[in-house]
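Here come two complexes built around chain A, the first alongside chain B, the second alongside chain C.
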Partner chain A sequence: MLQRKVGTCAVALAAMLGSGAEAASLVVTLKDQEGAAVSDAVVYVATINGQQPAPVPRQVTVDQVDETFVPHVRAVAVGSSISFPNSDHIRHHMYSFAPAKTFELPLYIGLPAEPISFDQAGLVTLGCNIHDHMLGYVLVVETPYYAEVAAGTARLDNLPDGELAVRIWHPRLADDTALEFTVQTATSGDTALQQQLTLLPDRKARRAPRRGSSRY
Partner chain B sequence: MPLHFQRFQTRLLVLLLLPLLCVLLAVYLAVERANTRSALTLIERDLAIGIANFSATLDERNESLAIAGDALSGDFAFRQAWNTDQLTLLSAMDNLLGRLVSADFIAMVDADNGLLRADSRRSDLSNVEPEWRVLIDDAEALDRAGEYPEAADALILDGRPYHLTVLPLFTPDLGGWVTLGFELGPEFTALFKESVSADISVLFRSADDRWQIGGSTLPETLLPQLAEGFVPQTDDSLLSLAGEDYITLSQPLSGSGDVQVVLQRSLTAELAPARALRRQLLAIFAAGILVLVAALLLVSRKVTQPLQWLTAGARRISGGDYSARVDLAQRDEVGQLATAFNSMASGLAEKERVRELLGKVVSPAIANELLQRPPELGGEEREVTVLFTDVRGFTTLCEGREPQQVLALLNEYFSVLTSVIEQHGGVVDKYIGDAVMALFGAPVLCEDAAERAVRAALAMQVALEDLNARLAERGLLPLVTGVGINSDRVVVGNMGSQSRNNYTAIGDGVNLASRLEGLSKRYGVAVVVSDSTRRQAPDYLYLPLDLVRVKGKQQPVEIFEPLLPIGAATPALLASVEAFRHFLDLWRQGHWPAAAEALEHYAGLAGAEPRLDNNLTALYRQR
Partner chain C sequence: MEGDTTLLGSVEGGLHLQPGIYTGLTLSAGVTREQFRRFTGLSQTRGLLGATLDHKFGVGERAPRLRLGATIERADFNANTRNLWLHGIRLSYSQRLTDSLQFTAAIAHENQQGDNDRLRIAVPPARQLPGDTWNQEALVASTALEWATGPSSWLTATLQFRHGETAASITPRPTILRQATAVTNDPLFGVGKVAYRLDANTRQFALDWNLAVTEEATVYVGAERQLTRGGISLSYQVNVIRAGMVFSY
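Now for the complex of A and B:
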């Protein structure tokens, strides 16, 4: 990972330590370069005071509805397993060539036999073999503290105190790396983190441009 | 600009041929120009079409490759191969290349680290060459902008020109680049041999900045010259290959301009039919000019030759030969001129006859005078010497002779007298029966009119002596002539009516001259002159005769007989004349006795002088 300078935070509040009964929370607000709320991002705490917290595996789903992966971005902790139901009326052939998890679910409909476990951290890009436009992401993180950002905000609760290394990831980040921040949490109450991301435009066309036009 | 031509022919030739030559030259040049222009236009159009054709074919091929590449990038099996080992991938690529007829090579470029992962045919390629990298970067930039990431261009790969297309490989996100390409070489240019009516070549600039041939439809022998002479330009240009001129149009195929497509058509070949036309034109023009020259010469001859004849005729006429005539067969203007010339010559001949006749009827001097000025009635007053002659006793002579004889005799006599008169510058005014009236000093002025008249009178006597001698030989009686001369102011001019008049003198002076002539018999002398005449002709010895009273004059007029030029007089003669003068003086003064004595004295002297053979003595004795 490239070391980046710390991004300018709009506000940084001092952490307030509680007596242990109230854990810290982090509220992250993300906007893009045009001020619009960001979706499809993942926020996670990589280390706390330099230590990597132990991930908590879960079982989640990523559905296929109307030839679209729902949700577009799914975050899971290492060791989790994901079920990939196909709610469409047609079959899909799901696949991934990601080093973190290479798998394929040949043409199927409804619920596959078993969920897939994700034992390695990293980015897994999902595609459908017969539908070029279908694209989904699974970010496998090594921390229990993660959240998917929808409508521009995400909330991380039950955070321990201390210095948190917060990372933000988005599939269309302009320079293709996760943003890193160091945040001091307050003992009680919320710590807010507002960030502006520079995002690349969405791929408009997964198809080749209409050919046959003259190019004189 | 005045041009002087000696001959009508030359003028005709020059003035007609020169403009004609100019026109022909202009036509020739115009045709030449039009031909070249049309050839150029044709070629330029063809070349433009050819370039368009080439570009279209290139695009089509590119298109078909892109479509194949698109299919590839969605191919699951290929995606899987991409994810496995290099050897498998290479084999899969080989398979694909076998399917693609229009691609010469296929390569895969890793999206992450940009290294060439596999190359099917050219395994010596280990690096993505810079221009290729530029293509990939271009495609990447498109992806970041949200557009479909692909790029294509012509570039030089390993020293040869290629057309490369870079396409994305989605796995399912952008995982790498498929590069498909075909060589812009002889096989490619050969495609155009039939379809484009021009020669196509692909040229590329090598590392040492010289142009090389990628492929060409031109004959092999011309290729080095093309590579040598090629310069990329935006418009049609002229390039010479093996002596022929080629119109050349080039267009860059790569963004850098290092790969160019060049279309060429031979202008020389295109102009070949025009050359044939040019030769024909020249032949026709030459023939036309020759024909025209021949025709001109023919026509001008018809004009110049008759004109020369007419000129010769005119010269003859001006030299006095009025018989000159020119006969021409032609009826055109020149013929009409000849006809007019002939009638003019006839007219001149006629006039000449009239003039001659006039000169005979009146003296040539009067004839000239009359011809010079239109004969108007009227005249002028002038000092003129009038001379009258008459034959004494003519009627007696006429008796017993036939009229014809008389006329002949008279004409002979007149010829002699007229000749003498004209020799002395006099002019015969008219013949009155047997008398002759002559004028000295009119119509032509002369200063010594009187002197001429006196001389003429004396010469007449001599001439008449000869005539009389001749007549005597023929048995005819001699003609004795009396002459009277007077000098006075008279009126001379044309007298008569409008239609009929003659030039003569009128006045008292004329009458006196006539009277004097009549007196010659009385005094027995041949010539009687008046005092005024004597005064104007002083170089003669005059014998005073008498003092006569004349009608119309108050003073009596003294009359004399001219004897001979003073220089020729002998002293004896002079003395005799002097004696008579002396007598007259005495007589006029009234000294009768002395006068009588003087008269006798004179008579004595006169008897010895043949010139003084007159009646004076007897006459005065009677008085």
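Now for the complex of A and C:
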């Protein structure tokens, strides 16, 4: 399970113009320490007024393209299943050793026979046994309110009014620790949450070529 | 002591097959051109064909790998008396020890055959040595440690021990020629010089610092020191400083 830091970061909260709709929305904007828009993060609502909402399972996809997991980070609710097609022209051998889900999809290309179900909350790290530089993440959450952050923004719609415990996770946060913020939604319309994340550097060395490595 | 500067370009392509869950086969071919500024006779073009069988003992990036590889290589020198074929076979074991440390150990057998193995020259004392200086055989043991010093950089330290035949060029001297197993003319390093072959041990230590500038390109700088000892009081050393860039597509 993810650890959490509760209330240690300031929340930039601003009520935006109401749209007149009954359900509230949360608009999250994330930048890194250099001001660049953050991608590959997950934002999710852990509790609402102290209560944990029931997750709603879905079926989604994580592809393998150019020896990369696409998307690099996938969020799903507990009970969801993920299909892992391989769109490369070479075979991959997917695996996870994570306590939340241990599985293996030996050498295949195209679409594997069955999707994998994720019945336990937590972080699942994906790898390929042929291409050690391939790395991907599935974050399994116990809530129906979650979104993947792309180009620095994510939006959670149809939120009930109340006090939300909002968590933000990114694979390059130190210690795989999700950040937690308390947000009071507006009675209707959008609520904005803007945060700056301190991310560890991207590990380019995983995939970069080595001098003489292909010798013999 | 002699020094020189070289410029080296290399292109390599290959095909990776995965016949089994844990077993892969890589076929590769490459061409390398190395241009010497001063000793232009050493400038050479090399063509290489290789095959490597790879077995991984388990699943995950920390599972150890065993690789068995064979190569055949052709080297054409500007000084074509040095032209040769090189055959190599290599067995290596590698394992990622931690997130930032990778260990490799290898043994290899090298055999090279020169084109001009029938050349003979008369050398004193009255000992008729063969002229196949570039026919050589050697065993090589090496170990390497790769240490990730940052998210985009790593250090590679390599220690290598080579036992077998080697060649050196020198003005003929009886003390050296008594220990030589072959000798041939080698005007490349000066008039009257000969290249001789002898049994020797070479220790080599190399340290390279690598920086991944993108996921497809790495720049490196490195230094290498070779110390060769053979026979009675024969020793010489080679120091190399290098810098380069590797692209992968």
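FYI, the second predicted complex is superposed on the first by the 183 of 216 C-alpha atoms of A that agree within 3 Å, B and C clash if a C-alpha of one lies under 4 Å from a C-alpha of the other, contacts with A are read in each partner's own complex, and residues count from 1 in each chain.
As a working rule, a residue touches a chain if its C-beta (ideal position, glycine included) is under 8 Å from a C-beta of that chain, and two chains touch if they have at least 3 such contacts.
Only a predicted model underlies this, so the values are computations on that prediction, with no experimental measurement involved.
> By the touch definition at the top of the document, which applies to A:Asn129: first (chain B), second (chain C), both, or neither?
Touch status of A:Asn129: both partners.
> Touch test for A:Leu200: chain B only (first), chain C only (second), both, or neither?
Both partners.
> Should A:His89 be classified as contacting the first partner (chain B), the second (chain C), both, or neither?
neither
> Considering only touches as defined above, state whether A:Thr102 meets chain B (first), chain C (second), both or neither.
first
> Take the contacts of chain A with chain B and those with chain C, and give the residues found in both.
93, 95, 97, 127, 129, 132, 200-205, 207-209, 211, 214-216
> Can you list the chain A residues touching chain C in their complex?
90-91, 93, 95, 97, 104, 106-107, 127, 129-130, 132, 200-205, 207-211, 214-216
> Once bound in the complex, which stretches of chain B touch chain A?
52, 55-56, 59, 63, 66-67, 70, 74, 76, 79-80, 82-83, 143-148, 150, 170-173, 175
> What residues of chain C sit close enough to touch chain A in their complex?
Those in contact with chain A are residues 12, 14, 16, 18, 21-22, 24, 26, 28, 50, 52, 56, 59-61, 63, 67, 69-71, 88, 90, 92, 96, 108, 148, 150-154, 156, 208, 210, 212-218, 220, 244, 246-248.
> In the complex formed with chain B, which residues of chain A make contact?
Going by the criterion above, the answer is residues 93, 95, 97, 102, 125-129, 132, 134-135, 174, 200-209, 211-212, 214-216.
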